[in-house]
Structure formats: structure tokens, C-alpha cells
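Look for chain A in each of the two complexes below; its partner is chain B in the first and chain C in the second.
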Partner chain A sequence: MTNQLLDIQNLSKAFEDEHILTQTSFFLQESKTLSILGKSGSGKTTLLKIIAGLEKQDNGTILLENNDITTLSAHKRNIVYLYQDALLFPHLNVFENIAFGLKLRKINAQEVKNRVTKMLYDLELQKHIHKMPTQLSGGQRQRVSFGRALIIQPKILLLDEPFGALDVDTRKQMQRLCKETLKQYKITTLFVTHDLKEALIMGDQIGKMQSGVLKTFKNKEEFLNDPSTGIKEEIEFWKNIHANEE
Partner chain B sequence: MNANHFNILSNKIVFLMLTILPVGGGFVYAFLYSIGTIGILNNGFTLSHWVNVLTDTSFWFSLGYSFYIAIVSVSISILLALTIVLFWKKSLVSNNSIVSYLLYIPLCFPAIVVALFSFQVWSKSGLISRIVSHLGILTEITSFPDLTNDTYGFSILYSCILMITPFFAILFSNLYKQEQIDHLKNIAMSLGATKTQALFKIVLPVILKKAKITISLFIVFVMSSYEIPLLLGRQNPQMISVLAIQKLQRFNLNDIPQAYAIACLYMIFIGLILYFLFFSKSSTQLSVSPLKRNFDD
Partner chain C sequence: MIRKALIPVFMLMVTFPIALLLLLSFGKSWVYPNIFPDQFTLQHWNDIYQINSELLMVTLKSIGISLGVSSVVTLLSFFSSKHISYSVYKSRWLFLAYIPYVFSPVILAATLQFYFTFVDVSGTFFGVILAQLFITYPFGVLIFSNFWNPRIKAIAELSNTLGGNSWITFYKVVLPLSKGVLLLCFFQVFLISWFEYGLTALIGVGKIKTLTLSVFQYIQEANIFLAALASCLLIIPPMILLYLNKRFIFTNQQTI
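Take a look at the complex of A and B:
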């Protein structure tokens, strides 16, 4: 039995006359991943930024472990938001980037070293400990970015199309590594993506954002059977790929 | 050798002829003059001019004074430019805003105009002095403190700051945009940093490290400035360029080799700074060429 960790109630946000989020409500269970699909401009990023405390909502309530965090500032929420780009701190090396959050919490140097070393091992980054961000590949940078977030053991991890800038093979590797690491560290995650397949691979639960409203599906079957998701068309396309060519 | 290689080689030769050759030629001429092997009044090889310069305290005072002016004016300009960028970043990022246009205006004025303007503002008979006197704060206009041709180089600093701050503000605002500082700041806060921690641990280190080479070049640029300290500086100590030119143009022709020795020493000093800036390992990792940084956007 899993607990309800995050409860979003009637979130709304508009920029001038444009409504980005309209009365969005959903909840998220502990140690689970909710994949959110949606077109560009459907309000996914705004939703994530509001949950992280980086953007203010117009209306609505955010409850984390039944505590109201709606007005709490970003640095006190223990919710980490990651962009599509890795956005490593360019003046810090791999070790210092991963250790950043721990140092803010004034954890002693030996403990920081131990935890960063373990994280580097888990993310297969041991060889790159002293490298600067410019000396890493896209996939390596993304792994460092994950490590930097996971090491502080956030209550919730918000991933905004994290693999969007990676090539197909690196993307596959990252999906596997990310899923394993999230499971290992028992991190509750909101995973935003455009990719249907990625949403299915990464998510325990799936939601679809449309015109500022998030619809969550009870299970994958419901998602697969819903015509608005477009997944049936996708399956049909791949089934009939040879027929289409002829 | 194919045509492409020939083009690259000829471009390199033209570049060297236009840049290195005149500077190198000037340096060789100055060096030969300073050791007495050329020059109408020289009597053959001697190191006496170099010894005179190196043992003369005025040279070292000039060098120190130039360094002081450069460090203070560049530091204050950095502080002002960072303040402008952090408070008006939205206006600066939008290229059509009034703030971004206003910043370009001081860049249009040559150094001599800025020096004259500073003189008119800060001299005993200048604008500020008259206003203060009219307000009754001073009994006489002559009791206004010496802020031009003064010991601490107040008006030199003021003029340099006036010229450099807009440049740094434009540089920093470009860096702010290019390095996605807002996003980095959000990530830092998301990881638990307060706004102040994000500022001191991320925003300022990223901007300053990226601008390190440009800042260092500006220190060199201010150290070598001539018109501003000529008009607003004192007879003693003088900034290094003023000292060298005065020795070169004074009535005593025997001082000319010393002027060239000063110029040579200064070029060696600057050469060493440039060497450490461009060829030391740590400087090449983070900083970006100032030309690329300033003209890419």
C-alpha cells in the first residue's frame, strides 16, 4: 500500500489573458512515477515550476505529505526541478556539481565525499569525477544532473523532458539508468515527455495535459484504450508499416 | 600545396604583418634605442638607461599608481555593472528598452571628451563646486576639495568608471542570457539554496569566471590609458604612459632612451600578463575570448 505524497488541488495560472492551467487537480503516490504527456504550450512546464515553487499559481493548493506548501519558497520545499538541458554549474567540476546540495546542508566533508562517490558509482561516472561540464558528453552531463538532484534525496523529482536533447541510443540508456536509480533511491517523480513510448517506459501512472487540464489514467490499460491519447493510431501505424509502404 | 592551404598560409602572413610586425618592430626599435645602439645622441651600447629607470623610484611609483587606478576603477565598474544587470536584467535583455540604449551612449565618447567632462564637473570651478557653493554648503568656491589633479586620482577613477561600466554591463547582460543564469539560479534554489546563496555561489562566480579574461584585459587597458591621466592627473605620481611620453618629449634629449626603456619594460610586463591569461591551463578552461563574447550576440 503506497501513501499519497503530493496532492494538487485546483491549480490555475494565466499569463495576461492566456490561461495556462485551469483547475488542475491530481495526486501522486510515494515512490511512484507519473508520466505526463502533452503538446508544447499545454502547460506542463508551468505546472512543474509551480510545484517546485519557481512560479506562482493564481489559485489552488499544493499539499506535500498533507502539509500546505503553496506559499513555501522553492529552497524549503525539497522538490527538485530539472530542465531538458542538464544545466550543470559551469564553474564546478563533476564532484562539486553533485556535492552542491549536500554542501548547502552543511554536511561534513567526509560524508559528502562518501555519498558523492557512491552516487558517481551508481551513475557509472567514477572516471569523470574531476572533469568540468564542458569535458562531458550530453548523456554524461544528464547523469551528473540526475546525481546532483538525487543525492539530496528530494521528496519529489520534477523532470521536464530530461532526455529530449539526447540521441536515440543515449536516450535508451538514460531511460534504463534513470528508472533503476529512481527505484533504488525510492524517489517520487513527475516525468514530462512528448514521447508516448518513453511515458509508458518511465511511468507507473500516466497523465495527459491538454489545454491546461491534466487527465490522469487509473492504469495503463485505460490510457491505451483512451482515443484522445493517440496511442491506438500509433500502434496501428507500426502494425501496418509495410502495408503503408506498399 | 593546394589552393586552400596557400590561402590559409597567406592569410596568416598578412595577419602577422598587420599585427605582430608593427608592434614587434616598434619594440625592437625601442629596445635598441634604450641600449644606445641607435639614436642620434647615443654613443654606443650601454645599460645605463635601463639602470637609471630601474633604480629611479618614479618608474616604480608610476607602475604602482597605474595599477592602483586600474584595479580600483575596474573593481568599482564591475560592482556597478553587476548591480545594473541584476536589477535591470529584463530591460537589458530586451534590446529595444531605453535602459539598453542609455548604456550604449557613454561608449560613444572618446577618452579625451570624458576627461574634459570630468574636469568640468569636478574641478574647483566646476559644476559640482558651483552647485555646492550656491546651496551655501561652502563659503567660497576655492574651499571645494581637490578632486582633479589630486593625489588619489579621484577624477581619473571617475572618468575610467564612466567609460568602463557600460561596457561591463553589456558584457554581463550578454553572459547572463548566454549562460542561462536564470535557469541555473532556479536549479540552485530547487536544490536548497536561498536567493543570497544562489547569487554568491552560482550567479556571480559564473559571470565573473566567464568574464575573467575581458576583465584582465581592461585592467591592462586602464593601466595604459593616456589622455585621461594627462588631463586629470598630477605631476607626481604619473601614470606610466604619461611618464614615458613626458620623458620622450621633454627638452632633455638624453631622456629619450629612458622613455624607450620604460616602454620596453611596460611591454614585457603586459606580455607576461597576457601570457598567463591566454596560455595558463586554468584560464583557458572557463573563460571565453572577449571578442567572441562581445560580438557573438
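Take a look at the complex of A and C:
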């Protein structure tokens, strides 16, 4: 039995006359990943930014472990928001980037060193410890960004299409590594993507965002059988291609 | 091959006027049509070090004005440019920042003169600094408007979600990233202020003399030796800035 960690109640947001989020409600279970699918402009990023405290909602409540964090500043929430771009601090090397959050928490130097070394090992980055961000590949930068977030053991990790800028092979590797590491560190995650396959691979639970409304599915079966997800059309498409080739 | 040959020519074109000015600053008498002065002396340079030396006072005053203007503009425009760059009315504000350059600084000074006289700051040290702010502040805003881009905003937000409050994010993330552009703005504004003539002459109403004004004055008086000396003093700070610029900004950009 898992606990309900995040409870979103009736979140709404509009920019001038445009409604971005409309009465969005859902909850997130501890140590689980909720994949949110949606097209560009469907309100996914706004939802994540509101949960992170980087954007203010017009209405609604955010409960984290039953505490109301609706008006709490971003730096006090312990919710990390990662962008598609790794956004490593360009003036810091790999070690310093990963250690950033720990140093802010005034953890002693030896402990920082031990934890960063372990994280580098878990993310297969040991060889790159002293490199600057410009000396890393796209996948390596994304892993450093991931490690920098995980090491502070956030209550929730918000991933906004984190592998969108990577090539197919690196993307696959990152999905595997990310899934394993999230499981190992027991991190509760909201994973936003527009890639159907990625949503299925990464999520324990799936949701679909459409025109500012989030619909969550009880399980993957329900998601696969729902005509609004478009997944049946996708399966038919690949079946037809296969049939035509034969 | 041509490039190699052009480098010494270019070097000569740059160094010759400086060398000539330096030579003239040691001159004592010069008669047409001689190229170089007949006699040389250290007296002009020695005079600078006298406590009552007018040129020393003018130099110090010029340094004071330029340092004051560049420090205020760098600080003020750094923070205000952030709000302008992230404002929904960004293009409107940036359009306003170009207005002082659409008018020339002299016309701007003529417009300001009335108000400056009215509040009695015309012909004062403070008045000249204030007047120069009118043209250099928008310049600073324009320099920083490229720095405050969505990427910097996202990096700062990321630092926030990692646990950094506004001050820590500024001190540990934004400041190190902005070091280059801060120095660039400071140097550029210092140079604008240092070589500013028309606006300073009008607002200073002859009471505030800067080194640039003195060079023109000595030239008008046909005092070529003092004009050369003042010119030498005038180019020393820009040369130091050029060196610092190369040493720090360029190195910084290489690292980042």
C-alpha cells in the first residue's frame, strides 16, 4: 500500500483570456511515477511550474504530505523541476554541479564528497568528475542534471520532457537509467512527455492533458482502452505497415 | 602573405599617433616647418605631480565622474534591465532606451539645461554625473537586455527549486554568470563618460572641467605641448581598460 504524497485540488490558471489549466485535480502516490502526455500548449509545463512554485495559480490548492504548500516559496518546497535543457551551471564542473544542492544545505565537505561520488557511480559519470559542462555530451549533461536533482532527495521530481533533445539511442539509455535510478532512490516523479511510448515506459500511472484538463487513468489497461488517448490508432498504424510489407 | 605584411602596417598606424603625442608632451618649443620640437623637457610631466596642478585636479575630477557614472549605471541598469527584459512590455521599454541616441547628446543636454538650472545643479560635479546618466543608463539597459534571457531565467529558477533562495541564487549562480557582462558594461560606460564632450560642456557651464574638455581647450589655445600631455593622460585609462578587458572578460568567456 502506497501513501498519497501530492494532492492537487482544482488548479486553474489563465494568461489574460486564455485558460491554460481548468480545475485540474489529481494525486500522486509516494515513490511512483505519473507520466503526463499532452501536446504542446496543453498546459503541462504550466502545471509543473505551479507545483514547483515557479508560477502562481489563479485558484486551487496543493497539498504535499497533507500540508498546504500552495503559497510556499519554490526554495522551501523541496520539489525539483528539470527542463528539457540540462541547464548545468556553466561556471561549475560536474562535481560542483551535483554538489550544489548539498552545499546549500550546509552538509559537511566529507559527506558531500561521499554522496557525490556515489551519485557519479550510479549515473556512470565517474570519469567526468572534473569536466566542465561544455566538455560533456547531451546525454552526459542530462545525467549530471538528473544527479544534481536526485542527490538532495527531493520530495517530488518534476521532469519536463527531459529527453526531448536527445538522439534515439541516448534517449533509450536515459529512459533505462532514469527508471532504475528513480526506483533505487525511491523518488516520486511527475514525468511530462509528448511521446506515447516514453510515457508507457516511464510511468507507473498515466495521465493525459488536453486543453488544460488532466485526465488520469487508474491503470495502463484503462489508458490503452481509452479511445481519446489515440493509442489504438497508433497500434493500427503499425499493424497496417507490417501487413502492407507482407 | 598579405595578412602578414598588413599587421606591421596596422601596428604602425595605431602606435604612431600615440608615440607622437608622447613625444610632443615632452616638447618645449616647436617652429614650423620642423616635424619634431626643437627642445625637450620633463617640466610638463613634473607639473602634474604638483599639489596645485590644474591638470592633476582635472584628471582626478574626470576619473571621479567616470567612475561614479560607470558604477551607478552598471548597478542600476543591471537590476532594472532584468525587470524590463522579463516584462511583457519589453520592446516598448527598449524602444524608449534608444531615444537618447536618436537625439544627439548635445541636443539632450540643451533640453536638460533648463531643468538643471531650475534645480540648481548646472555647473556642479553632481549635475554633470546626473546629465551623463541620461545617456549612459539606457546604454547599460541595452547591454544587459541580452543577458537577461529565458535561459538565465530558467537557470535561476532551477537554483530556486534546488533550495537556493533569491540571495543565494543571485550570489552563487547569477553573479558568476554575469561577471563578463558586468565588466563589459562598466568599461563601456566608463569610456562613454570619459570621452563625453558636448553634454559635459553644456551642463558643466565651464565650471566643471574634464580631461576631454581640457584637450579641446589647449588645442584652441594652440598650446600643443599641454594638449599632447592632456591627450596622453586621456588615453591612459582606456588603455588600462583595454588590457583589463582582454585579461578578464576574454578569459572569462573562454572559461564559460
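One rule holds for everything that comes next: the second predicted complex is superposed on the first by the 241 of 246 C-alpha atoms of A that agree within 3 Å, B and C clash if a C-alpha of one lies under 4 Å from a C-alpha of the other, contacts with A are read in each partner's own complex, and residues count from 1 in each chain.
Rule of thumb we're sticking to: a contact is a pair of C-beta atoms (placed from the backbone, for glycine too) under 8 Å apart; a residue touches a chain by one contact, two chains touch by 3 or more.
None of the values given here were measured: they were computed from a predicted structure.
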Partners on chain A (chain B, chain C) - clash or fit: clash
Which of chain B and chain C A:Phe100 touches, first, second, both or neither: both
First, second, both or neither for A:Tyr81, with chain B first and chain C second: both
Which of chain B and chain C A:Ala52 touches, first, second, both or neither: both
Chain B versus chain C as contact partner of A:Ala149, first or second or both or neither: both
First, second, both or neither for A:His91, with chain B first and chain C second: both
Chain B versus chain C as contact partner of A:Ala109, first or second or both or neither: neither
First, second, both or neither for A:Ile235, with chain B first and chain C second: neither
Superposition clash, chain B against chain C - the stretch among 1-9, 19-27, 55-63 or 289-297 that is involved: 19-27
Doubly contacted residues of chain A, that is, touched by chain B and again by chain C: 52-54, 73-75, 78-83, 85, 87, 89-91, 100-101, 104-105, 132, 148-149, 152
Chain C residues touching chain A - in the complex, by the definition given at the top: 151, 154-155, 157-165, 168-169, 172-173, 176-177, 255-256
In the complex with chain C, residue positions of chain A that touch it: 52-54, 73-75, 77-83, 85, 87, 89-91, 100-101, 104-105, 132, 148-149, 152
Chain B contact footprint on chain A (complex, rising order): 52-54, 73-75, 78-83, 85, 87, 89-91, 100-101, 104-105, 132, 134, 148-149, 152
Partner chain A, residues of chain B touching it in the complex: 179-180, 183-184, 186-194, 197, 201-202, 205-206, 209-210, 285-286
